[in-house]
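One chain, chain A, links the two complexes that follow: it is found with chain B in the first and with chain C in the second.
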Partner chain A sequence: MPFGFPIGLNIDLKEDVVINLNPDFGYLRTGVEKIIEGIEIDKVIPFINRVDTSSAISVELAYCIALENYFKIEVPIRAKFIRVILSELSRISSHILFLTKLANALGMNMPLHYCLREREEILHLIEVATGSRLTPNFVRVGGIKSDLSMQFFDKLKEMLKGFRKKVHEIRVFFLENELVVNRLNNLGILVKEDAIKLAISGPNLRALGVSRDIRKNDNYEIYDEFNFKVPIGDRGDSLDRCMVRIEEIEQSISIISQALYKVPEGKIRTYGVVNTHLTENIYSHVECPHGELGMNISVSEGRIAKLSIKGPSYNNLFAFSKAVIGEKLEDIELILASFDICVCEVDK
Partner chain B sequence: MILKALYFLLFLFLGLYIIIYLHKKALAHMQSRRGPLQTGFHGTLQIFSQILKSILNWPKLFTSLQDLSNNIGVMISLTFAILAFLLIPLTEDIFLMNIEMSLPLCLSFIMISNMGAFLSIKKVKLNTNKMAGLLDRISTVLIFSIPLFISSMGPVIVSSSFNLFEIVRAQSRFYNILYQPLSFIVFLLSCSLLWQRLPLDVPLKDTYFSTDYLSTQTGLNYLISTISEYINIISLLILGTLLYLGGWNGPKILHPLIWTIIKTFILQVILLFLYTIIPRIRGFRKKMNLSLAILCLLSFLNLLIIIFLVLYLKHIF
Partner chain C sequence: MLDKPKHLRKIKFLNRLKNWVKLTSINVYCFSSGCCGDEILATYGPIYDLERLGVNFVSSPERADVLMIAGIITKEMKSTLEDLYNSTEDKKVVIAVGSCAINGGPFYKSDYILNGVKEIFNVDLYVPGCPPRPEAIIYSILRYKDRFK
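Then we have the complex of A and B:
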């Protein structure tokens, strides 16, 4: 179990330079795709949000959007806004968790604890909204489980007041500290051709300068109503990966603050007609904090016939094994942390 | 003499208690945590309870022959750490021994105390990671002892003596830190290595080995090795005070002992800030570069400057 990640790394070395690296994974295998076969579609969500606990809302969202497309259910606008707010909150929480991992790999104690403090604030908000910090079980096919209280909106407004300053503090810790910048610069560079061959997505791809964000490209939910930029990097080194994520936190705050004043009144769920005679597969994808999270679903008689999850971390893990070649042995931990790999999503 | 030694030990244990508490509580507040809160007022009794818990595990001390070398190593660590502390004068009047070569002897004892961990190699050799970590630890101590010794030669040249009393007396007008800042920085950085903490050394979790060789120690052994580590910290900090900050010299509003304590405390806070702010030095090669290429060079440069000052501008001192 190197560096707290439950994966094995088979490393070939020449002196202390990495020649080849093969990841050895599967220690967190749950077989969730098989378990949920035959389960009613509404009862699947508590199983599926454990695929990626750092951003469980995104997984629930991917599943529900797939089924809504499948059954052609129109989701109420209020529910869409609330889904966007919560998924952006979970994106911030996941990116801050990434920064704590990075700070730990860098051996910096103070930013680590500062980041954990900010993350705690976000998790508390998610708890107020959904009742659970990590596995909310909140998104439903056709809407959301329950409406949000005024208490949540008040707390969110209060949080947003000071949070930009805190993010600036985090930016100073990581991007304006010369020691950290020198350490991360030109470390673990991923070549663009390799990245495209391995089909990586998310911040790791955007760090290479490729502006591909499903929130912009596919406009799922109501992301077209918000003004936000897609931060991109330049060289695709560890510093770019860190910078892209910190800027994404800022953009997420901007999305939340726009959404907060636009949330309309109204219903929160549509109970659509479940057509039991459909047999074809349907693919749907969302932009989860780690990258593109896709779901391929087929339903028979109101139950899941087959579900396959295409997580981003699996591809990112192999991208890591490419990026680490030619680097020193002592840098492996830092490069692994800079890719933000969610091992439970790799193993599923 | 025995009574004096007992006083010294009492002072040492009080200092230990305060410094361990400071490491837990002050560090926690720097990292925006609360630190210990449960046992006693703001966790003040937590260290006491931890010590008690370790002492109650004493029957594990001599369990097998394999442990014997380990136990001897731990005892060597503690003995030499205490010996080094006993050699250090706290004020002009409060001292246990006044030896001509007290500075090199004291530094050597601290080094030997750090080497004591090497005797646990027999226990560690079963685990490759722990073995590698231990070797890394020992070699870094050896490497960083070189700039530590060289940098401490600056104050020695100024006072023309290895005696700590003479070194402090020579600073009655100007403190060494004023014209030997390079030497002070080198000394402080080397101290932070011997402190076994970030940014220069992390024996518990290095960048690529999970080098928790200390996890082989249990119960009383662990307590003793940790305590000897902390005693070394106190000794090094007081040495830093005596060498660069003028020791007990200061305005006569306060007792000289209080001046020593205040200056030691300031050094400790500086090291704590280094610990929290600076990221870890990457790998063994970088450490070697830092020690042999940068710190040694700086300390030699400092020596040259000091020799020039002493030869040509002696009237300043």
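Then we have the complex of A and C:
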């Protein structure tokens, strides 16, 4: 199976029940935050792209939003709509990748291939828009790199006609299937006190019943113009985490279909003036499909002085090590798949 | 003297049988860490289908003919990769997928990574790209098959 996950686990067992678990990470450490010191502001984007491999556009967006808010550069409205459409497409792609890994851990082969087939349509759309399937390199400070053609919007409209039905088929496989529900029920429960101490965010927090989404609470881009719900769960077990992500796919489809009919004509980028002295620490955060992604930048003379990325998968890994205590040895792989951890974000 | 042609015919037949088996049933062990792993997963899917060419992904290196290595290679992973290489059989083929495994990729200036898999052991086939398209990965399997025709 070509799934790659280079993380070690040190497990303490007592008669096949887990007492303690310590993760062993650091095998993918590239030191990218040190390499990019001294590079000009517009040339950094291909390096930080590869930190989040399943939805690379959230990292680019966090970087550009931080600089635009600090230097007061106004982004044209057409660029904001296009950024939202691409963000939601990559959110759908990341959640479908989560479902394939969950299907592999459950041992079910058919939903795995159904999910991979749907993911190819979305990656093809991202390729028509930006030129690359996984690393778009599309967002710039002050707008986007180039305009989207009519071919992209036609293909998007055609894809959306049949996509809801296909997502409904996938939903029936996971949530209305007695085998899956009995297997995932009450498995790997995360308690609220642990979640607050470890600073969890994203769908793993919403599965506990806490309704917190940066798109609604701390409005960025143009998300206050759309009508969408934030799905929350009950108990914080693996079934709730799976359910929250499937419902988020459906909400993303509704955001994209609203955005398609509201995109105005206009410019796509404003060029702003960047300063010459050393600035203080600039911070911004974005709702990534794994959680809340934060970015700390400091700039001097048009080049980067210091950059640091806070990836949400780091916190999710420690939440997994708390949720596993008291479970059996054979369930560890399934609980690990339900937390949606991206290894490139844990050690970058 | 009389059974010399029969002996030679038998060896020729066994060679052809071995080539046919290696052509049609390829056991691949895949080590992937990073963005290139997502593209190998896409070739496993139903649209770019690798299994119609005879490729079978195995879960332990003792059963593999081909080692496919994709992704970022760090200094801490060096001993694991050496163990992988030593536990596969002697006549193996190594495929390096992606530019991080060829020569370090975009992170080549970093102190923490090795500049490619070629610093640890010999590589037979290179697949360039960052990440390479699924069609490129399929083409590398077809080039591997050319050796046995």
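Heads up, the rule we're going with is that the second predicted complex is superposed on the first by the 343 of 348 C-alpha atoms of A that agree within 3 Å, B and C clash if a C-alpha of one lies under 4 Å from a C-alpha of the other, contacts with A are read in each partner's own complex, and residues count from 1 in each chain.
To be clear about the criterion, a contact is a pair of C-beta atoms (placed from the backbone, for glycine too) under 8 Å apart; a residue touches a chain by one contact, two chains touch by 3 or more.
Worth saying up front: this structure is predicted, and the values here are computed from it rather than measured.
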Will chain C clash with chain B on chain A after the two structures are superposed, or do they fit?
clash
If we overlay the two complexes on their shared chain A, which of chain B and chain C does A:H113 touch? Say first, second, both or neither.
both
Using the touch definition from the top, say if A:G302 reaches chain B (first), chain C (second), both or neither.
neither
Winner by number of chain A residues touched, once chain B and chain C are compared:
C
Touching partner for A:G326 - first (chain B), second (chain C), both, neither
neither
Is A:K34 touching anything from chain B or chain C once the two structures are fitted on A? First, second, both or neither.
second
Is A:L134 in contact with chain B, with chain C, with both, or with neither (first, second, both, neither)?
second
Return first, second, both or neither, reflecting whether A:G26 touches chain B, chain C, both chains, or no partner chain.
second
Determine, under the contact definition given at the top, whether A:G162 touches first (chain B), second (chain C), both, or neither.
neither
Which of the two partners, first being chain B and second being chain C, lies in contact with A:S54: first, second, both, or neither?
second
For the superposed three-chain model, which listed region of chain C (2-10, 20-28 or 74-82) is the one that clashes with chain B?
20-28
Find the residues of chain A that appear in the contact set with chain B and again in the contact set with chain C.
2, 113, 117
In the complex formed with chain A, which residues of chain B make contact?
27, 30-33, 198-199, 202, 207-208, 210, 275-280, 282-285
Looking at the complex, which residues from chain C come into contact with chain A?
30-35, 37-42, 44-47, 57, 59, 70-72, 74, 76-77, 106-107, 109-113, 130-131, 133
Give the list of chain A residues in touch with chain B in this complex.
2, 16, 105-110, 112-114, 117, 177, 179-180, 183, 328-334
Provide the residue numbers of chain A that touch chain C in the complex, in ascending order.
1-6, 26-32, 34-35, 46-47, 50, 53-54, 97, 100, 113, 116-117, 119-120, 123, 133-135, 343-344
